[in-house]
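What follows is a single structure, written as structure tokens, with notes after it.
In this document, chain identifiers A, B and C correspond to the written order of the chains, with residue numbering beginning at 1 in each.
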Amino acid sequence: MRKKKQKPIRGQDGLLTASPFLLPSFIGLAVFSLLPIVISFFLSLTDWNGLDRIAEAGFFAEHFVGLDNYKAILGGEEFWRVLLNTLVYIVLYIPLMLVCSLAVAYLLSRERRGVTAFRIIYYIPVLTSWVAASMIWKSMLSPQYGAVNNILAIFGITGPGWLLDENWAMPAIVLVSVWKDMGFFGLILLSGMVGINKSYYEAASLDGAGAWQRFWKITLPLMTPAIFYVLIVSLINAFQLFPQIMIMTDGGPNGATQVMVERIYKYGFRYYRMGYAAAFSWLLFIIIMLCTWLQMKGQKKWVNYDT
Amino acid sequence: MKKRALAILAACLSLLMVLSACGGGGTDPTPANTDPATSGGDVASEPVTITYCNFNASGGNEETLQRMYEAFHEEYPNITVEIETIAMDDYFTQLQTRIVGGTAPDCFEMNIENFAAYAGMGALAPIEGVDLSGMDETALSAFTVDGVQYGLPGNFSNVVLVYNKDLFDQANLEYPTSDWTQEDVQKAAEAIRALGDDIYGYYQPLTYNEFYKACAQFGGSLLNEDKTEFTINSPENVAAAQMMADRVLVTNVQPTAEQMGGMGDWDLFMSGRLGMIPTGIWAFNTFAEGCDFAWDIAVEPGMEQKATHFFSNACVVNEASENKEAAMTWITWLCSSPTAAEIRIEAGWDLPAINDEEVLSSYLDLTPPDNREAVFESLDYLVVPPVIEDYALMSDIIGQQLEAAAAGTVTVQEALDAAQAQCEAQITLG
Amino acid sequence: MIRKRHLSTTGYYVVSILLAVVSMIPFLWMISTSLKSRGALMSIPIEWIPDDPTLSAYSEVFSRFPFLQTIGNSLFISITFTLITLVSASMAAFAFAKVRFKGSGVILKLYLAMMMIPTQVTMIPLFVIMNRLGLIDSYASVILPSIFKPFAVFMLVQQMQSIPNDYLDAARVDGAGIFHVYGRIALPMCAPTLATLAVTTFMESWNDYLWPLLMLTDRNKMTLPIALSTLNGQYNTEYNVLMAGSLISMIPIIIIYLCAQKQFKNGLMAGGIKG
């Protein structure tokens, strides 16, 4: 991503050369991804409860309901409300995450004393499991007895109810997610930043450009491939937001943090409506695919591959 | 590097070959946990190994359960039980996948909420050929579907009113008795609330669990008698929910979510700032350790009538098990033998659902609380959750609406009307 | 000029340290909680530093389950998982980035699409497949899915596309086989990405909870997150024990990260010079 995309090796062509390299991951793709996905599509056309054995003959004929699940989901109010919650998360999360990880990348790209220590420290949240991280943050966000509001109180700020407050629960989830992810995306951006040819900066310095100007005029445009990559991955992750919700709010308060995957999990494994859950996840899949496709389409407008 | 990469590649490939060869056969797999040689064998003569899955022992009682098993194994040396303990949060997810995949354990634990769904799917075997005479009848009846016994009550817990004696003394109040009603609770709670800014009278959150109990106290219920219709927004139920909401929003004898500040309800009680809390008898050990003030219990006050919570987990046998007989022997022993009951009580785990007064009497000797009889007295008023196949969905719908009412964003009537409409739209009652 | 530089140095450290504090506070909270006794958990006002630190939560963790065996299982699974992912993903990425073949674009898009399916719903079909393959309750059931990690492929394709073809062509002219080009030239040039992936993949596998829970029912094969979850009771949670357990479970990942960290840095530097 730091250099111009290179064409594949000349003179090398044909599936024959490629296939030994592709074989392992291709078998994995077929057995562990495609096959379950196809099965889940067929399940989405059934009223399967998730408990009856599905391997038995006649299962499909007995449970087939056509597109009823899809109709019920799209016709109900819940899907749109939950989609909106997910979009609220994305709209808050992505810009904030991008700014924070750019800051992380920028700070780590300076060759100052202590930069190694900072690099290690910024990455530690990434290394924690979501289960542990969510539990810690849940106790830290407790309005009166948690660390966050007690720290805010030092500066004379009365913190909100965070996870207990309908309006603050989603922002709280966003903050925790940014805390956890900024190190990861920061390092990806860093590798894009380090790859920029030093001569550009030298030229700019001679022209008298300041640090801030250099960042806007050179660093940022030349990092667009890395930023694009971060956007694609983070958007997919954001749509699949799940473990932090389950542990910190379980969809509450008053449904304010109910999101797509949380619903899918509840329908499949709590309410015993596996067919409905499968249809729900296919709709989610289509939405994610559309968004990614739009991003890919739009990349020509702003992503700069000529380093 | 190249050599190594090639070696790894070769290893991966051969592994895959083996795998796809296995899969190609497509033979019906035998459940991994049963040995076909011993299937359906005579329990007394042939050694069998069965698996038992549970969630109740997680978080500190694994050893107690293991001790019970060792005592069992001495009596029945031919039955070996492999015990798997899984945390509650994901227990049912795991169980569900294993049932679908045909690898479910021979016998396992079920909570009352999921019991009906599993029994309705035909996943559970009817309990037959075992002696049920030693078990508590009310508890037994909670695990029947259409008159067939599908589960044995392994343990039970109920809810009593726990109160802080010191706060009652400070407010010059009489201690609660079993004659109290919710009106007495309200008066006492207001007097205690007046003791200080951060002292509260009562804590009963407006959740689904508390709600269906309060409905029963007001003479209402969530379903009509033959469980064919929802009656969530009946006048009795609205009155019950209104009382609970008013305690938070109007008289504020109970803290709001912000006033609680994310603190647990037990923690609030143990900090000495809460007068009364209806809570489970499983709190006794924690309160005995954590409270530096005097406290005791009483039967939970009612309104039109008394109604107290009753929670029980069932031990059930997998319909697909090949060792049903051995599995029944083990769960029956676990649920009703005096030996198991004694070990359970001694460990302070929870109560065995047996009717042997003598064994239970050792439970009464433990203090605090002094008034342990209230635990058994409460059993006369117990309400069982309104078990339907879509229990989890119903409780989430109602719970979410109650949450809105508790926050004051909608009125109680609106919340219950919405819950009624949503339940009717999404759930077909059998 | 000197003053300005001085200011920016101050600014640099202020922002860096602020971010570092934000990153670290939850861990200090975790350590502090794990050193508290059961009673001190509920004290008001909160004790930032426990008044009476105790290691009882740690001894509790060690006494509840066979700790060494559990760690051993987790290490074995995570290391194998990571190795397979790196080999399989880098091979696929090499083919996509450096070999021209028909349909390569479509297949890569298919890989990308696979990242978008929420795992919660493929879980039951996958369980049934694993059962058919007779893999339930074997380490293989947890390790084998590592062979297809689209995220890793995607990341490595990006990296490999940036390798100048001159390097590869030069090797080809010298008569090196395509495997040689992959192993000797493409792989080393992806070192930083491979190091990053190694850490994230190891972490993903080490922290994975739901899938091993469904697959490994034998207590002797239990992994660390599953063992930790049994510390959670039906009615109450002992935060100090939970935090102690989580802290112990993080140590191996941090060690691995610290080891890979050098590689990270070297890779970054190398990239910088080349660019």
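Basically, a residue touches a chain if its C-beta (ideal position, glycine included) is under 8 Å from a C-beta of that chain, and two chains touch if they have at least 3 such contacts.
Quick caveat: nothing in here was measured; it's all calculated off a predicted structure.
J.: What chains touch chain A and also chain B?
T.: Where chain A and chain B share a partner, that partner set is C.
J.: What is the chain whose Cα centre is as far as it gets from that of chain A?
T.: The most remote chain is B.
J.: Distance-wise, how many Å sit between the C-alpha centres of chain B and chain C, to the nearest whole number?
T.: Chain B and chain C have C-alpha centres separated by 36 Å.
J.: Please tell me the distance, in whole Å, between the geometric centres of chain A and chain C computed from their C-alpha atoms.
T.: Centres of chain A and chain C (C-alpha means) sit 15 Å apart.
J.: List, in ascending order, every residue of chain B touching at least 2 other chains.
T.: In chain B, the residues touching two or more other chains are 9, 12, 16, 93, 96, 100, 102.
J.: For chain C, which residues are shared contacts with two or more other chains?
T.: As it turns out, chain C has residues touching two or more other chains at 44, 87-88, 91, 124, 128-129, 144, 147, 182, 209, 229.
J.: Could you say which residues in chain A touch two or more other chains, in rising order?
T.: 20, 24, 27, 50, 54-55, 139, 145-146, 269
J.: Enumerate the contact residues on chain C facing chain B in the complex.
T.: By the definition above, chain C touches chain B via 38-39, 42, 44, 64, 83-84, 87-88, 91, 123-124, 127-137, 140, 144, 147, 179-180, 182-184, 187, 209-210, 213-214, 217, 219, 229-238.
J.: Which positions of chain B touch chain C when the two form their complex?
T.: Per the stated touch rule, the residues are 1-2, 5-6, 8-9, 12, 15-16, 19, 22-23, 26, 29, 32-33, 51, 55-56, 58-60, 62, 82, 84-90, 93-94, 96-98, 100-103, 105, 266-267, 270-271, 280, 282-283, 286, 289-290.
J.: Where on chain B is chain A touching in the complex?
T.: For chain B paired with chain A, touching residues are 9, 12-13, 16, 20, 28, 92-93, 96, 99-100, 102, 117-118, 121, 123, 257-258, 260-263, 389-390, 392-393, 396, 400, 403-404, 407, 409.
J.: Given the complex with chain B, which residues does chain A contribute to the contact?
T.: By the definition above, chain A touches chain B via 20, 23-24, 27, 49-55, 139, 141-146, 161-166, 252-255, 266, 269-273.
J.: Using the touch definition up top, name the residues of chain A that touch chain C in the complex.
T.: Within the complex, chain A touches chain C at residues 1-15, 17-22, 24-29, 31-37, 39-40, 43, 50, 54-55, 103-104, 107, 110, 112, 114, 116-133, 135-137, 139-140, 145-147, 150, 179, 183-184, 187-188, 190-191, 194-198, 211, 225, 229, 233, 236, 239-240, 242, 260-261, 264-265, 268-269, 274, 277-278, 280-281, 284-285, 288-289, 292, 307.
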